[in-house]
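Both complexes below contain chain A, partnered by chain B and then by chain C.
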Partner chain A sequence: MSSRKKAGGRPLLSPRLRALALVLPLLLFILATFVAPLAEMFRRSVHDPLVADALPETVAALRGWDQLSPPGDAAYEALARELQEVRAENRARVGQVGRRLNRVESGMATLVATTARELAAAPGASAREKLIGIDAEWGTVDKWFAIQSAGQRFTTRYYLNALDLDRRPGQGVVRQEENRRIYLLLLSRTLWVSLGITALCLLLGYPVAHLISHARPERQNLLLALVLVPFWTSLLVRTTSWIVLLQNEGLVNDMLVGFGLIADDGRLALVYNMIGTFVAMTHVLLPFMVLPLYSVMRSIPAVHMKAAASLGASPFRAFWRVYWPQTLSGVGAGGLLVFILAIGFYITPALVGGASGELISNKIAQHMQTSPLNRELASALGVLLLAGVGALYVVYDRLVGVDKMKLG
Partner chain B sequence: MDQDATRSNRPYVEFAGVCKSYDGRSMVVTDLDLEVRKGEFLTLLGPSGSGKTTCLMMLAGFETPTKGVIRIGGRSVQALPPRKRGIGMVFQNYALFPHMTVGRNLAFPLEVRGIGKTEQRERVRRALRLVRLQGLEDRNPGQLSGGQQQRVAIARALVFEPGLVLMDEPLGALDRQLREEMQYEIRRIHQSLGVTIVYVTHDQEEAMVLSDRVAVLRGGQVEQVAEPEALYEEPQRSFVARFIGENNRLHGRVASVKDDICKVETGDEVIRALRVADLREGDETTLSIRPERVAVQPEPGLYSNELDASIEDMTFLGDHLRIRLGVCGGTDFIAKIPNVVGHGAVLEGDRIRIGWTPTDCRALNVDDEKDA
Partner chain C sequence: MSASSHGRAGRIVHVAFCTGVFVFLIAPILVMMPLSFNAEPYFTFTDGMLRLDPEAYSLRWYREIVGNEAWTRGFVNSMVIGIAATLLATALGTLAALGLSSRAMPARRLVTSVLISPLVTPVIISATGMFLFYGRVLPDLFGLNLVQTHLGLILAHTALGTPFVVVTVTATLSGFDANLTRAAASLGAAPWRVFWKVQLPLIAPGVISGALFAFATSFEEVVVVLFMAGVDQRTIPLQMWSGIREQISPAILAVATFLITFAVLLLLTVEWLRRRGAARATA
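Showing the complex of A and B:
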């Protein structure tokens, strides 16, 4: 694009450059708050150099190890030397290394800490004798496997863990032991719960949107406002009010006991479980279903139903053949919106979900915030979630067509 | 084709004492009586607010009369919802279902009636041929022009062969040329099918082209029901005279009455008129004279009514001359004379004589000049 010239003869910034300059702040903002964190999440899920940086020689010595019997002397010597170096340089780092190793093999944290402390004064002629002298575990394959595994700079271990898989020495990739399989269950539960909540929101929201779109114009504004008012209240407040309503001594149980429908000592557990998650999340996400539906319904001419009736259709048939198909784009938009929001929901399940109502996002948050931290695993889970949603989006696009959606 | 054989004089559709009020206070339709014969094309004509659409909606079943009875085929339809009345309806904005093809739109009423797929296809084909849109089964309504959409809407209302078809100003959204084309299409379809049609419009020319009979409505009541020619030549009410075609109106008072003729005093003149309304000496009246019945510079003594007039202006319109005259104190008197040799003699500003016969001058009820 050529630049225009002012009367004085100097060219102005070309329109393209000007447009870019206006968009630049937003672009930088999105890069900083969206693209960069996502890139970091991807990196974190595969890049774990902590052990490799702390014990480089040990890791090098373990290269090519067959994992079937304890490694050669070179490994023992390298470990002994490096552990002491690390301890001398920075005591806290020993703990870090230990905890990182602990992810692969339970007990490593204590083992490494103890070993590092006692090495200086340990009896024994060779490093091997010293180490095994401190703890016989140094003579087993498992502990060395942990070092080899954790010593890899780039690893697929976190993705494996996220799918309830693991690598065992000499066995390759295997399923985790029964009591450690949690993530697949959580991922599948999150998926089904989100689908269920989407379905429930559709069931409840469709009639509401229909009512609003057919109300008198003065009423419509009021009804819409009522749908939107909850957004003025903090999400935390809305969620915790459900606790007040659903808890054992809450309003719902009190009412049921008062009407004699249940016994006083047979109160229903309505919160801190899946019911709590379902109820509270549906409540919070309902407006996201109502609004796109309303917007689509508004554009359906009322005369269509009259035409269908004049052609002989019963009210049900007229709805199913004429009205419902024309609302599908709203159903799709609202459904997709609610589903994507539900699948990543964190606060509500955390507050009212208890254990059975826990979703994958709660686990991700736990690995990010609660000790023992495992931000790498959290990242892997996040990437899986993103990939899952992305895949569903592609399927949805193929089936329905994203360009047919109307968000309002 | 002997059309009388397919039509009967028993009323097929009947409005008996029908009243409609939405709020319980003001009446939209008052004491309406109307009969539609089987096979006839009847138009409800009137200005907005005349109640014509309300009547159509009550006939269809989308509104219920506050009082009175509506009968189709001799049976009251009070308790019947629209889908059970056996009517086909064409709406102003077509109301074609956008998510279905033309073929599916047309097949819809057939599906609802449980008609088999092969029969459906055949009937759809025939319906499209009727409206001259063969082969367009697989198009989407959005791909059609306005005229085509309206034809599909008409085809859809006819495909299941209803006994009664209602049309609510279906040509309102079309441009003039298309509207005229579609008027002839609708007329042709009616003549080929012979189905009873009740049509609503505010366009009197449209009503005249299409209808066997026209019911002129105003303020929720029927002013007159008659064939188009009768409405034009023999209006019974001043509103009808004013609404249909052009007419001249003179106000006056009845001086005397003898049989059919009454003498009416208007301004300085005394005019002999045909007594159409129930008038007595001393009553006020509005006289209605069609512009083409006004003779300009007639032979003296030829017409019982002869008045002085001044020519305000003249317009040459090819096949006729339109002269605006000042008569009896007013300046809106119109005379239309065909373009025949010999009428170049009058010029603007001239004072001339005009005349008309008593039969061409109808003494009607006083016109309140509302609902233009």
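Showing the complex of A and C:
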């Protein structure tokens, strides 16, 4: 390095440092505006200090508790004192603590709110009598378990919940009650829908890419435009147009009625369900399959197929043994890209999917934005989704190289 | 389905199938345009429209958008955020691409995949992380809340747009003859002068394409905006989003037609630039 610097004759930065200096501004920018937010999302998914901060002594008193019978007097005293302190300091915080506990054990939000309100005037000699006097639930193991569990600063609870699992007192990790199992279904639905859409895109995209790449040059541009115009058109616009086309009074149903294929009162439900999600997502993602395939197919010389045919191969055999293997890199690149994009899709399923066409991203948005908020669970789901995408991204990088990503 | 050797019947099936796929791709986009001129508040062709009766067509929905303050303010916000994010993304991305294409760049593969990662990360995840970080961590650490600010959206959209600039400029640089910069340097030009007079004009098509990609990304992005925008930051896509979710009105189709026209113009520009770049590379 140093010898090269001397050879230049000027005290310039070494090429290595120069390259680094050019990349550094963007690298720092991305770390600060993009990677740090992802790290924060991860922290939120495992670090939840709200209850531990609000009720530190109660949580301490529950350390080492056997979870078999209600805890000792120390826990009751600490809880009674700390609930009153929290309420005196900031009433809204009682609600926050209650909602956190409610995630572990339903009914806790009301129980905590009532208890905090009535504690000051509650009759009874000991804290235990006062609490149980306000609500007999304080004499049960489950309510104390909720405080112990939610009192952990670092927790795997949200990941367990994201996989429809839960910890119960004395039982360890068990599956959620039947009516609370939703995430595994959504995760597997997201995977299956993405796989299905990838397959459909390949099925529709392969012949199209083939036609374009072997068309005469002047026609090639026109056909390519038919793929590129949707590619450049906003996702929102394309999703809107599917609503317009597929809704009950939409063009597709109108045409089907017009041709007498269905009765006017038997219009098909094509949108706000899984059909809507499937059709619109395939439309949005198809160009991402066609373009990599096209760029691979364009480089395959036509003489290969002619040679195979002249050697006596049937068209199918020539295709299968000569053409298809040469397009596998394009199939891999397009397929991975479509799949990666599909499993994170949010806008299209949110607008045309209805309840049955909902994917995992929609649940993340719901926990982030609508009451009851559960941003920790949203973060855990986000981390799981990100891990899946990240693994595929590494595969894509190995297979295609992220720096060779083609745009347009 | 195979190439040149398949029979006539096979060829007809192939072309028919592809025609179907092309119709599937383009029809939903084309259909929006005439419907946006519908004189009636319907999302389907009225009898009058099918008879090409001029009375059945009107500019009603266009007038509605232009006269509606929510849409015009959305347009201004989209432009302000989009242009600022594009300038920032283009500057940062071009510099980084210059560094990345240097053979001396250490850990190039790792750095590239970090810089490209916003492109493959699902937007819902980026939006979640950004909302939590910009709205909680930054205020706690620096007293700076970026949620519900223009600056926050500009920074977020810059992060989402830079990968496009990096990819397109890197691609242009890969066909770049390094001897040109060496020649300029050996003739005594200062590094910035080499960049400004020799390198930049040659990579300009890639830089502009990247900038257009970055702008398009910001201009159509809705998820981050949905999470981070306040009343004052509402953009056109957010306005559309709420329009679709609440009561969908044909005014949406007029906006959509505007956005389609915009997309076609972008596409034509990028294609023109690419051809220019390709012509130069072979010249």
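Here is the rule we use: the second predicted complex is superposed on the first by the 375 of 408 C-alpha atoms of A that agree within 3 Å, B and C clash if a C-alpha of one lies under 4 Å from a C-alpha of the other, contacts with A are read in each partner's own complex, and residues count from 1 in each chain.
As a convention for this text, contacts are C-beta pairs under 8 Å (C-beta built on N, C-alpha and C of every residue); 3 or more make two chains touch, one makes a residue touch a chain.
Not measured: the values here are computed from a predicted model.
Of the two partner chains placed by superposition, only chain B is touched by A:325; chain C is not.
Counting the residues of chain A that each partner touches, chain B and chain C differ, and the larger count belongs to C. Once the two complexes are overlaid on the shared chain, A:46 sits clear of chain B and of chain C alike.
Shared-chain residue A:343: touches chain C; no touch with chain B. Once chain A of one complex is fitted onto chain A of the other, the partner contacts of A:35 are limited to chain C, with no touch recorded for chain B. Judged by the touch definition given at the top, the superposed model places A:240 against chain C, while chain B stays out of reach. Once the two complexes are overlaid on the shared chain, A:256 sits clear of chain B and of chain C alike.
When the two complexes are overlaid on their common chain A, residue A:306 makes contact with chain B and with chain C alike.
Once the two complexes are overlaid on chain A, the chain A residues touched by chain B in the first and by chain C in the second are 306, 308-309. Only residues 301, 303-304, 306-314, 317, 321-322, 325-326 of chain A touch chain B when the two sit together in their complex. If you check the complex, the residues on chain B that touch chain A are 60-62, 81-83, 87-89, 91, 93, 95, 97-99, 108-109, 112-113, 156-157, 160, 166. The part of chain C that touches chain A in the complex is made up of residues 1-7, 10, 14-15, 17-18, 21-22, 24-26, 28-29, 31-32, 35, 42-45, 92-93, 95-96, 98-100, 102-106, 109, 111-126, 128-134, 136-137, 155-156, 158-159, 162, 164, 166-168, 170, 191, 209, 213, 216, 219-220, 222-223, 226-227, 237, 240-241, 244-245, 248, 252-253, 256, 259-260, 263-264, 266-267, 270-271, 274. Note for the complex: chain A touches chain C at residues 12, 14-16, 18-27, 29-31, 33-41, 44, 204-208, 210-211, 214, 223, 225-245, 247, 249-251, 254, 283, 286-287, 302, 305-306, 308-309, 315-316, 318-319, 323, 340, 343-347, 351, 361, 364-365, 368-369, 375, 378-379, 382, 385-386, 389, 393, 396-397, 402-403, 405, 407-408.
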